[in-house]
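What follows is chain A paired twice: with chain B in the first complex and chain C in the second.
Up next, the complex of A and B:
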């Protein structure tokens, strides 16, 4: 594959110039990543987890580091404008001028990874080692398991070019009032970036994190993001991601989170897709009483492709997971949902629920869904539901019979359908932003602005 | 927890029960030499006196098979099969000169089927339903190792123009029908096991129901593997012409042996306009012993094509046997308004592994499919539902409903659900639901409080769990299936 050769060349050329090159710890991390990339390569549709998202498009994009456009006047998305701790990355590079960390309480650190490496490569390597990495093999599955060990090439690639990203640590018992925001802005016409986002919330800590990926003139860019998340005992992390890049952009993200006893990890992903956009979330519930809420929504049109893949791994007993993913597909858009719940042999008293629903708005839209249960303990309650279809004709008729124009009725029903996902979000600021973005998306898809908070029916 | 411990105890009790059909019949066999090569394919074809086109088809399949790799995606684990270490043809010697009537069938064989509870006598009333004088009879095609040894009620069926015979006979007597339809649903290149079957299939059943005929009795094939070191590769082809109806039953057993025996069958169904085929299976191949030794590898390709408008194909299966099951009875819903159904109960115990499910491919307008799959896992077994619902762009108004429920008994087994849903039509509606749980203590308590023994309570609950599927079975099979469920589960859950 041409992309692999290009990436090999890039690694040879760029690695000596990366920050901290020559420092043992970082050299090891990058070499490991590169080795993983060489071993696994770029996943093909033959790899089970990549059946519906074909990376052949990588061959057509520039894989060299993106060159930011000269534009400095950039408006930044925010879940609580002026009241967040913010790190900004322009085309994958940390931008100090646009960032605003503000005053952090005692026990909280928020650094750009590049800054951390430049200050102390050894310490940076130590921090990086602390975070969980995704696994391609759960070690459970019966049979030869095709695709085992073949899916982590992109994560490896991220490691090979390790330089940019952010590290947030929240100390024991510290509750951060203001959200932390990571803002990624695409301005380049093409090019790639491989940031690493790390969030560590120590026991009893609490924090809200918003991650934005937006285009401000960006074109056929390629973001390859790897995130590591640790939620300590009794800690709470609310994590929302808003991916709203260009139709030509490629966005591939892998998130691995470990959740300790009685801790909560809430994650929400909004995606408008792209040439290919995929978020792969792996959550491991490792301590008794851990819980996770995974929710997501997508609105794809044109030729956009959105892939939401998740693996919720019940390692410990008495854990709860709940997943709700709903989206709409228009034009020649395509959405993929893959969600797996694993219940390991000792994870008795597991409660795991998953719901995935897709609305098809056009005759050329496509949904591919694969909700999976893999269960090795008997005292469990697990379920999943999946539906695909168009808007309910009866509901449309009902609204129209009450004098609402067809377009508005459609928009209203779509809004009602998607609102359910936003309601899964616990943090008000994240929820408010999610609802606003969903409304904007519906407006774009239907041409109608629907304010679900207002009295639309006029009475 | 007391109930859990008891469950484990009872699973063990059941486990130690002998497989009822594990006996062997001492019967002289005509065996092909061990191994698989073009000569063996020719040998089989020659034994059957086949026409040239069929030999060519077999060889084509064999050559293609050499280029293929065994599928590894299913959640089943077994040592690599040595395809050269098996006989690909085994026939009871006496059957060499095919008996002309039932009276000439080797009494040893008749006794075997008697013991299995399969009457090869043309009696109108089934054992067990005496008194139900009006019960329709069941016509049976008995396949013993590689060959069909007897087919009953042929004459009576011929009166209506129905053809029911072994596939070998159909190749001789009705080559035009076989040639037209064989491989038209499952092409020889379809998958590893189907391709192997295409090369070496030995016998199986053939059914043709002419236009507008409602088959007056249940048709049934009873498969028996007897010889050791053999594989069974049968091929069944059922064609229901316009406006016809047929209900077909299939049963299978094998002796208890330490070795694993391979069973790779292909079943093709074709339903024309307004035709209905109902296909029921009670699969009770030897599952291996409680340590996972021995048992049948059941790698089967079953597929039905709803070619005509308003046609319907309904699969019902009760899978209790086999060490490993790899089986996905599917429907290609091509005709407008055609209907596909899949009702399944899969019970695994000890070290059994089952990866089974269905594919519903919606091509035509207003096509409908229903999938109800119940998986029950006990002991150290692994049970997987794997299914695909695919809605193609032209399937306006297509509809699918899927429900998969798993029940776990004990903490050493696994139950998995792997559904694939692919929809490319806006107006299609697809709904999928799956649940996994164990028998609730509340339900048990409720039944116990009303005086039921633990075992009866469990039997009741499990029967309720499976009811949606079991009620789809024809009466003739329902009795057997319910008993099977009872044997496999009544003790194991309580």
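Up next, the complex of A and C:
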């Protein structure tokens, strides 16, 4: 990380030029963020939640706003090309020309944060305040030892430069047919962005959201994303994030979601890009009968690093959570899985399951897995499992004995291993895109493109 | 077709095959019988190219080529097929994906054009029907949730699809009831042809009532100790393997 002094200069130089500067609400939010960053700093391995992911690489990273490359033809990823409401950001900056919001049903708003602030700073601040604030992992601990370190420096940093992002609100009982997409395109050679993504689905609403982070020529960029999610009573939000940035990029994201009674929050995270990528998902099940499905998959090789950290907080009774994270590690790649389930004293009849499996393709690949259950209620069903292993030699021989070359056999088995995660995704458009991206990544990892059932059956 | 000369092989440093000689001509079905631990399965793995089996002496020539110099997948592509004693379950890989990948790899090796989805499906449905396997079975993950008989039929389906010139059936009868055994044997018999040879490995005579061999060999303690016609199987059934002695005698 650039020295704090440099950051201070940057903050003082950039602040007056940010949209809504001078409006009380936004000034306060940014000052709070900056203060939080100064207080907590960049998390170090001494902080419990950052033991396995070291951010020392941030030292060399430019925190200045990224400068987009000359606008060439940019092909946009999509889970349903031409049939989504999309906001596009190039190097973190909202790009109206590439965006296509289309016609939204009554009761739905979809705005860039910058646009919202420019229209009304006061209203924008009000919206920003409405969302749950991320809490440090240690801060959420219920037990007697709250722990020492804080880890909200990155969230503070995001707040200090608050300007870009997206706000989606879905009104009561409104069901959006088309998915909403937030598309982040990296074209710059370096530089940073700090978007804030806010999704609010009111009672009975239903929406599918796809978030893409891709490189179109981008290099050692740094994305520092903070998302706030509210799922109202009986509402359904299906959310998928596809993180596929350049192999030199840094990607740090935290998602904080609250789920009301009988509501469902599904979230899937694909991590295949970046030299270091971390997604930290915190879900609070606040009302009786709330459900969440958290799933993720990663593929790392070279000396790249992927981190999936989650905290599922069962606050209310009768809630269900299911988490499945599987990934493939090759070369000197390293992956981290941290998954905590908290069952609070009132959360009786909790049903919480967690599974983490890693496939190690080399002797130097590494996985650090830390599943944790903290249970304070007595009538609950909770389980967790973590495995790390190699490809099944017997299966490999069986495939080869039928004439399938060894590298194709490996690719088939890797695809089979990861396909199970894609099956966790409820929305078929998200699932289809996830499967295609997983296949593509396996293709690059192994040099082999394997047939999928869809292509074999011609379906 | 296949010529095995003075074949010695070790597993984990221990010698299991101690000089096997066997010649199989086109169209012939040979049976290898023997007590447990005689080296029957080792022979099938050495011939199909499984890692961990070291050939220390001897040679195997298959259609004029040095079989032992080939990788497992190359042997399969050249026409060697192993029906497994315990077919492996592969979650997440469907039978269709598996077989289409295998068939096209073998066709490519032979210089034949690859089959597209339509051609492939037509072929597999026809072959599966002959083995009394429905669409659901061919779409399911390889052997996952299959009964013992279904797994063996699935192996025979693979054989029917790949059309090998030499098939090794390793204890194909193990774990099968009589109805399943008949189904599997019918499948195998329908694949007998003047161009295709088979090596049927079994502990019991039972299988050989259904797949009738041209020659029967007794394998004991790593060597073929006796050879004869199909009547030898019946004799073994009556007398057991006792006369073939102990490891020390071999």
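We adopt the following convention: the second predicted complex is superposed on the first by the 436 of 459 C-alpha atoms of A that agree within 3 Å, B and C clash if a C-alpha of one lies under 4 Å from a C-alpha of the other, contacts with A are read in each partner's own complex, and residues count from 1 in each chain.
Heads up, the rule we're going with is that a residue touches a chain if its C-beta (ideal position, glycine included) is under 8 Å from a C-beta of that chain, and two chains touch if they have at least 3 such contacts.
Because the structure is a prediction, the values reported are computed rather than measured.
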item	value
Room on chain A for both chain B and chain C (clash or fit)	fit
Chain B versus chain C as contact partner of A:74, first or second or both or neither	neither
First, second, both or neither for A:100, with chain B first and chain C second	neither
Partner chain in contact with A:395 - chain B first, chain C second, else both or neither	second
Broader residue contact with chain A after superposition on the shared chain, chain B or chain C	B
Touching partner for A:23 - first (chain B), second (chain C), both, neither	neither
Touched partner set for A:405, first chain B, second chain C, both or neither	second
Which superposed partner A:416 touches (first chain B, second chain C, both, neither)	second
After fitting on chain A: smallest Cα gap, chain B-chain C, Å	15
Chain B and chain C footprints on chain A, overlapping residues	none
Residues of chain A that touch chain C when the two form their complex	392-395, 397-406, 408-409, 412-413, 415-417, 419-420, 450-453, 455-458
In the complex, chain C residues that touch chain A	48-51, 71-73, 76-77, 81-82, 84, 87-94, 96-103, 105-106, 109, 116-118, 120-121, 139, 141-142, 158, 162
Chain A - residues contacting chain B, complex	48, 141-146, 345, 348, 358, 360-390
In the complex with chain A, residue positions of chain B that touch it	4, 72-77, 353, 382, 391, 393, 406, 408-438
